[in-house]
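Chain nomenclature is as follows: A, B, C and D, assigned in order of appearance, with residue numbering initiated at 1 for each chain independently.
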Amino acid sequence: MTDRLRIAVLGASGYTGADLVRLAITHPRMEIAALAANAKAGQTMAAIWPHFAPYPALPALVKADEIDFSGIDAVFGCLPHAASAELLSGLPGQRIIDLSADFRLKDAGTYADWYGVAHPAPELLAGAVYGLTEFARRSLPAARIVACPGCYPTAVLLALLPLVASHAISAERITVNALSGVSGAGRGLKEANLFPEVAEAVHPYGIGRHRHMPEMEQELSLRAGRDVTISFTPHLVPMNRGELVTIVVETAHGVDYLREVLADAYIAEPFVHLLPIGVAPATRMVRGSNHVVINVFADRVPGRAIVIAAIDNLVKGSSGQAVQNFNLMFGLPETMGLEQAPLFP
Amino acid sequence: MTDRLRIAVLGASGYTGADLVRLAITHPRMEIAALAANAKAGQTMAAIWPHFAPYPALPALVKADEIDFSGIDAVFGCLPHAASAELLSGLPGQRIIDLSADFRLKDAGTYADWYGVAHPAPELLAGAVYGLTEFARRSLPAARIVACPGCYPTAVLLALLPLVASHAISAERITVNALSGVSGAGRGLKEANLFPEVAEAVHPYGIGRHRHMPEMEQELSLRAGRDVTISFTPHLVPMNRGELVTIVVETAHGVDYLREVLADAYIAEPFVHLLPIGVAPATRMVRGSNHVVINVFADRVPGRAIVIAAIDNLVKGSSGQAVQNFNLMFGLPETMGLEQAPLFP
Amino acid sequence: MTDRLRIAVLGASGYTGADLVRLAITHPRMEIAALAANAKAGQTMAAIWPHFAPYPALPALVKADEIDFSGIDAVFGCLPHAASAELLSGLPGQRIIDLSADFRLKDAGTYADWYGVAHPAPELLAGAVYGLTEFARRSLPAARIVACPGCYPTAVLLALLPLVASHAISAERITVNALSGVSGAGRGLKEANLFPEVAEAVHPYGIGRHRHMPEMEQELSLRAGRDVTISFTPHLVPMNRGELVTIVVETAHGVDYLREVLADAYIAEPFVHLLPIGVAPATRMVRGSNHVVINVFADRVPGRAIVIAAIDNLVKGSSGQAVQNFNLMFGLPETMGLEQAPLFP
Amino acid sequence: MTDRLRIAVLGASGYTGADLVRLAITHPRMEIAALAANAKAGQTMAAIWPHFAPYPALPALVKADEIDFSGIDAVFGCLPHAASAELLSGLPGQRIIDLSADFRLKDAGTYADWYGVAHPAPELLAGAVYGLTEFARRSLPAARIVACPGCYPTAVLLALLPLVASHAISAERITVNALSGVSGAGRGLKEANLFPEVAEAVHPYGIGRHRHMPEMEQELSLRAGRDVTISFTPHLVPMNRGELVTIVVETAHGVDYLREVLADAYIAEPFVHLLPIGVAPATRMVRGSNHVVINVFADRVPGRAIVIAAIDNLVKGSSGQAVQNFNLMFGLPETMGLEQAPLFP
């Protein structure tokens, strides 16, 4: 085990924390050194997670402040926003892969506006790398803090960044309709997420004011070289995992050209796949994997096109991308521990 | 039973046919005189439908041409397109409520373009009433043929017609994102609709070219007084019933005004409900019922608003609206047989 | 409205309470006079239930002690055990239909053993009628308190009582395997009932010690004329509604004879249906309705048979049976307000 | 690639075939040399399977008789029964892992009775190894044909074999209740497996006469040293994957003893896990993995106990066990390619 990097997962009692542990179990260069979850400290992972029943040897949960960080190489933060920055900013120097929202926005004022609290460590924002892996490769090897994008931003930005950066589409009137599985809502106790409330039903939420908006707009604006504001409406779909974004854009170009731009951008990517002409992205194409599928379609309205992307919200939209970033931060092959094929059916 | 109107249902082996029979069973003025389904003729309804197991006395299925139409007051057509017009156009004079696409489009050329066949009875198109009940009340009492709208058009048009007619929103750049339960795909044998293909997954289909488009555009154009072309992307959601449309529109007005227009339009409607400010429409609000819920939200992009509506695709989106139309055609109370509250959970 | 009976529903914020209100809305002889739910007092039903969004005129929720019971004809108790008996035992004299466990067991000691609390009103137990409607018809018209059976007991007892009473099957070695939808677990906040925990999964619970056991054994013993102890294992299935029990019994008779006994018992029943030979009961046959479907099958092991029954746990297993009992208590037609056909798909 | 074993998968258009390919993609010692599916020959895997969209380089489908078997080391048969034996029996000498029913039963007469056709190659039955891996380890290295057990037999036999072999339980009155996800029904076009028929519902099937019965009885009889006949009722549950068996047994011993027997039997097993006392097996503990979870519970009826086991029907119940067998046949580590942790949620 001497060639393994020792990791700590803070927030191992949530869905993203658990999915990180799932991936870490088979990652050939990770050693799970510590698992923290304050409210469930003292319990085993098998006691709080059904799928870890076959893994009784996993470290038991501890409180975050009980961890001896001196022997830890990397810390994965799977905590709620604000709590995350507060805890992580006090660490002595470990490399940090944060899955919360705390290091995604460059502007502390924007953070305060959208999250309703002052940022606990604004001095760290400038140095943090926005870890949309495919667009952050150069910065990752030297980064101390990597902020993994939100699940919706991951899908939307992978679909749009090459098109916006090359001015293949207009930066105005971008209309995103998004669909997410229920795991995206977290494991917190909310009546709205009980099975009978969600099953056999669908509804929108966060209409016109979802917290992933500023993050998408920040990155789109950066690439477009101008301020971008988007329409974004997420919906809750009765499935565990998966996320699909359907984006109507305005463009002077045809579908072939937009596909060419995306093909060029992603030709060498191991996880991002432009589908053949006419094939509709579907969440079942990527379930349980770090893959992303994208395609572009002609719209009936002239001057418009429809760009669609699908991911697994817990993998490429969260823990998988975190592992992908970890790999690059530590000079490992990018796909290490992320090779498994999607699970269907 | 002498005060009952005798009905025949053609296509009683499909989901819309079955939902019509479900409603007819308890409709106080309907008598189910004949049920036809050519491929399953000779079988009982209980043999081909689980939920009719408690109703062994329902008429057995026959072939359509075995029905003695002389004693029939109304015929419900639940057949595939083209087959429907072909059969219905030969009837001696019964009043017809057609749930297929065959009498929805006024222009036989448009029909041929979208459905790939010449219309079997173009001479009947002019006289057919487009049966979006709330906008067809004056025409229904005298109508011989009523064409029930498609499920998506029902939701979209109820959400938009008052806004377009009053010019509260622009007729340009209407962007519709739609979500439907799997029953909308019918009971035909398609690998794509097997449980393991659809469950725990979501995907778009008919991107940029769904057959409900010309129907929506026909009615929107009529109210707008100009040609309207819309963006429309439907998605398949892993649930049996339910349909939700999320529509981004351009408008010079605020949400309050748009809500006012809709409130005025629907204040006396028994089935169309403008929700309180901020309450998101959800399919679980209407499951199994003829109700429609609608609301309007501010978008983050200035000059835009988001209009959302939810229906049960098999009830208000199909068989329920057919019964609603039947009631008005025969001078009965509009809500008769449609009173049952939504089923939740 | 003068010919309507005024009802109060205590516990209208739970799934059984809500399903009772759903049925009451269209019951021609009920007037919903008061709806109570202490924790949600002051809110509207539309605010806490999606499917009552179209019914803004329903009475708002109050605390139970704010109700003026003097004008109430019947009280439906949809409260948790113990709380129910405590509250109901203090009522001045209204007729009570209780859906909790509190008045089902005749023996206060057994109650204390299984529910872990002393019975709040043991003096009322003797007079309470066990409201398995089909076997309680004679007692219902004069009953003051009717205890509606648990959902599992309803299905199991309807399947077995005629067979046990006629000694067509042995009272020994009855093995019940039961499957229930998640609504049976209630609307309380439990991590175990979040959508992602339950969806795409199945598991047993309450193995060997479920609280519905003493109730089933009490009624079986009564009919068998001897003590009956059964094996009973319930499982949670990822669906909202529905309950199916698969019962292996020992018998000296063939399937035909067992079917005959059941056919005789239920020939005149409006809601209990013995299916044709070989047709397997399924929850989809009864979803959203008060119907019960039953059948008997030969087992591969000689001397055994398999009896299977399906109900909707919230309707015949709870609120529907409560309305059925109400009808008989007040001399109304037994099927009043319960006519609607099952909802499929 | 020279150290890889070249495999062919016959029947790669079905769910078991696809799950085998999913596992083969990341198996470090497998090379997918050929994929056959007669009805879909000429198509790519990505065209017929959503989850292979990210794997456009997989071999395209061919007809089985187009394969040059001379360069193939192992053949996985994922074909329907009869077709499988017919095709496999003609192979020149490759080692065969068959996932069909064709080589499971030792007696060709029993096969004919249950499958309705004469066995196509009865001379091969004696030599075939019944590949319930944990009980076949000694025979696998030298086996030419390995018959992977059915999904239900895998779960039932792993739960019962040690108990029966040690006479810890009676070989009489074994009552199995089984629950399976819909993928177990295959990808064939059947109305009964359409999403709206199955979702939000549960029902038994094959009551008293399921084809997995003789296979279970054969192996149980072998270990018990006497003829064993069991009661077995499978049910279809609305989930993609997963299988759970709840078995009521008669025993003179207590739960502790039965647990001890199982603990002894499986202490060194990498995939079979006896859960801690009182923890109920659940399919979500094993989804997408080759793990098995088992536990024993006291029954309320004296002299009985309840043994429960859960597997993923497509992995340990089919393709995963096939890979496990392949590993042992070729002298590889048993867990190779099967390390991935269960997917939850």
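Here is the rule we use: contacts are C-beta pairs under 8 Å (C-beta built on N, C-alpha and C of every residue); 3 or more make two chains touch, one makes a residue touch a chain.
For clarity, every value in this text was computed on a predicted model and none was experimentally measured.
In a homomeric contact, the two copies may use the same or different surfaces; for chain A and chain D, over half of the interface residue numbers are shared, pointing to the same surface. For chain B, the chain with the farthest CA centroid is D.
In terms of C-beta pairs in contact, the better-connected of the chain pairs A-B and B-C is A-B.
For this pair, chain A with chain C, the centres built from the Cα atoms lie 45 Å apart.
With each centre defined as the average position of its C-alpha atoms, the distance from chain B to chain C rounds to 35 Å.
Chain A and chain B have Cα centroids separated by 39 Å.
The residues of chain B that reach two or more other chains are 15, 50, 182-183, 196-197, 199-201, 238-241, 282, 284, 287, 344-345, listed in rising order. On the chain D side of its complex with chain A, the touching residues are 15, 18, 22, 25-26, 46, 49-55, 182-183, 199-200, 240-241, 271, 273, 275-276, 279, 282, 284-289, 291, 293, 339-345.
The part of chain B that touches chain D in the complex is made up of residues 15, 50, 181-183, 187, 189-191, 193-201, 238-240. Against chain C, in their complex, chain D makes its touches with residues 173, 175, 177, 179, 196-197, 199-205, 207-209, 213, 229-233, 235, 237-242, 244, 246, 248, 280-284, 287, 297-302, 304, 306, 308, 310, 344-345.
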